[in-house]
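Each of the two complexes below includes chain A, the first together with chain B, the second together with chain C.
For the complex of A and B:
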C-alpha cells in the first residue's frame, strides 16, 4: 500500500536492488555516493591525480610487458626463455580503475535530474522551498530550519566520511554482501536516526 | 583495466535519483514515519532492496572479487553521527541531491553542510593520519 502516491515497497525494493547489482556489473565500481562527493570536496588534488593517471595511461601495456620480459632474461639468463611470454590477465572481475571526474560528475548530476524527472512526471516541482509541514512540525521551520539543515548536513558529511560510506555504499552495496563494516555502520546510523526521530516526536 | 563507459554513470545516477524520489525517501514526512515506525513501507523497501541485491550478487556475480568493508574505528562513531544528522536534515548524501532536483531549495543548505562535513573529516584524517580503511 503506497502513501502519497509513492511506489509500494516491493517495487522500490526491486528497483533499488537491481540498481545496486546493475551498477557493479555495468561499471565495475562499488556503489557509493559519499566517496563520489568526497572527490569533489577534494577537487584540486583529484584534478592533479587525474593528470598523472592520464600520463600513466599513455604507457603502452604491451611495451611494458615486453620490457619486463627483457629485464627478467637479463637477470636470470635464457634458460627458461621459451616460457617467458607474458600471461594473459586473469579473468577474475574485480574493481576497476577510478572513473574520470567527469563520469562521477555525471552520476551526481543524474541524481539531481532523477529527482526532477520524478516530480515532472507527477505534475510539478515540490511546493515551496522547504521540506514540508512535517519537517516544520517535528524539527523547526522558517530560517531556523536553514541552520539546522546545515548542521545536520555537516553531521551527515562528517559521519559518512568517518564511517567510509553511507546508505548506498554501506546500506545497499555492503549489506547485500554481508560485509561486517557495512552491517555495523548501517545498524549504527539507523539506530541513531530512530533514536533522534523518536526523541523529536516526544516518544523518548 | 579499462575505464567503464562514461555515460553509464549518468544513467545509473538518473535511475537511482528517480527511484529514490518515487519511493519517497526524499520526502521528510515519509522518512520520519519510517524512523518512528509509524509506517513500515520505506523500511520494507530498504530491507527488500538489500535482499534483492543479495540474491543478484550471489546469482550473477559469483566469481567477482567485490571490495571488502571491514569494521574500523570510524565505523560506529561515523555511523552514529550520520544517523543523527540524517534525522535532523532528512537527507543522506544521495537524497540531498535528489531533493534539490525536486525543487526543495532548503536541501541546498543540507548539501552545503554535507560538503563541509566531508571536508572536515578529510582535514582531521590528514592532520592525525587516521587510517579508516575506506576507499573511494
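For the complex of A and C:
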C-alpha cells in the first residue's frame, strides 16, 4: 500500500521512542492504549476503585502501616511476625501509581485531537467511507470497508484482551523492557500482519 | 557430582505494577503477605485474579479479598459513610 503522505519511517520511530520513554519518565507506568481504553469499558468498577483509594490517599505512611498491621493481625493472627521494624525495599523495578481516570481521558482525547490536527494540516478531512484508493484496491472500498473495519476492530479488541496488551503496550513498552511475553506477542501479531499483507497484495 | 540447584522460587508476575506490594515492606510484621501471596500462592491473590481479567484493582484491596480502607477509619477520624 502507498505510504505517501505519512512521516518517514525513521521520524515516526524516533517520535514513538521519545513518547514511550517520556511517558515512563513522567508517569512511571507502562503505556498501553488498549489498557487505557479498557478503563472506560470498566468505568463503573474504575470509579468504585478510585473511591476506595481516596481513603488511602488521605492517610500518611504511619496510618497506612498501622492499618496494614491491624489487617495482618486479623488475617494471620499468630502467624505474623511481631516485629514492626521496616524491611528493606524489595529489589523490583517499580511502577508509579496508576493515573486517575481523568488523566487517561485526557490521553485518549489527545489521541483523537492529534489525529484530527494531523489530518487538517495535510489538507483537511476526507468525506465518505473507506480508507482511500490503496485500501480499496487491496481490501475493499465504500461502505463495505466500514463493515470490514468494524469487524477488524472487534477482532483487535478480542486479541488484545486475550494477549493482555496491544502494539503499544507489548510492541513499544514490553519489547523495550525485554519482557518475554511481549517479545512473543509482538512477533506473533506483526508476523501475522506481514503475512496477511503479502497475501492480500498477491505476494504469497 | 554437585547437588541440583534449588528450583527458582516463582513470584507473582505483577510485582512491578502492584501498588500494595511495596507497602508490605514497611514493617517486618507485614512480610507474611509477601511470603504467603507474592512469593507463594499468588494465583489465589484477589489482586492478581482481577489484574489477570484486566479489571481495575483498588489499592485498598488486600490479597485475601478484604478491604484495607475500613481499617484506616480510626486513624483518619472518619466514619464508614465518608469512605
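Following the convention adopted for this analysis, the second predicted complex is superposed on the first by the 164 of 204 C-alpha atoms of A that agree within 3 Å, B and C clash if a C-alpha of one lies under 4 Å from a C-alpha of the other, contacts with A are read in each partner's own complex, and residues count from 1 in each chain.
Going forward, a residue touches a chain if its C-beta (ideal position, glycine included) is under 8 Å from a C-beta of that chain, and two chains touch if they have at least 3 such contacts.
All figures in this text were calculated on a predicted structure; none of them were measured in a lab.
Q: Which of the two partners, first being chain B and second being chain C, lies in contact with A:7: first, second, both, or neither?
A: first
Q: Between chain B (first) and chain C (second), which does A:161 come into contact with in this model arrangement: first, second, both, or neither?
A: both
Q: Looking at A:146 after the superposition, I want to know if it touches chain B, chain C, both of them or none. Which is it: first, second, both, neither?
A: The answer is first: A:146 touches chain B but not chain C.
Q: Determine, under the contact definition given at the top, whether A:134 touches first (chain B), second (chain C), both, or neither.
A: first
Q: Comparing chain C with chain B, which touches more residues belonging to chain A?
A: Higher number of touched chain A residues: B.
Q: In the overlaid three-chain picture, which partner chain does A:72 touch, first (chain B) or second (chain C), both, or neither?
A: second
Q: Which holds for A:61: it touches chain B only (first), chain C only (second), both, or neither?
A: After superposition on chain A, A:61 lies in contact with chain C alone.
Q: Answer with first, second, both or neither: which of chain B and chain C does A:48 touch in the superposed model?
A: The answer is second: A:48 touches chain C but not chain B.
Q: What is the contact status of A:200 with respect to chain B (first) and chain C (second): first, second, both, or neither?
A: First partner only.
Q: Which positions of chain A sit in both the chain B and the chain C interface?
A: Overlap of chain B and chain C footprints on chain A: residues 29-30, 35, 38-39, 42, 92-95, 97-98, 161, 164.
Q: Give the list of chain A residues in touch with chain C in this complex.
A: For chain A paired with chain C, touching residues are 29-30, 35, 38-39, 42, 45-46, 48-56, 58-59, 61-72, 74-76, 79-90, 92-95, 97-98, 161, 164.
Q: Please output the residues of chain C touching chain A within their complex, sorted ascending.
A: For chain C paired with chain A, touching residues are 15-17, 19, 21-34, 36, 54-62, 64, 66-69, 71-73, 75-76, 78, 83.
Q: What does chain B use to touch chain A in their complex?
A: Per the touch definition, chain B meets chain A at residues 1-24, 26-30, 32-33, 35-37, 39-42, 44-57, 60-61, 63-72, 74-94, 96-107, 109-122, 125, 132-136.
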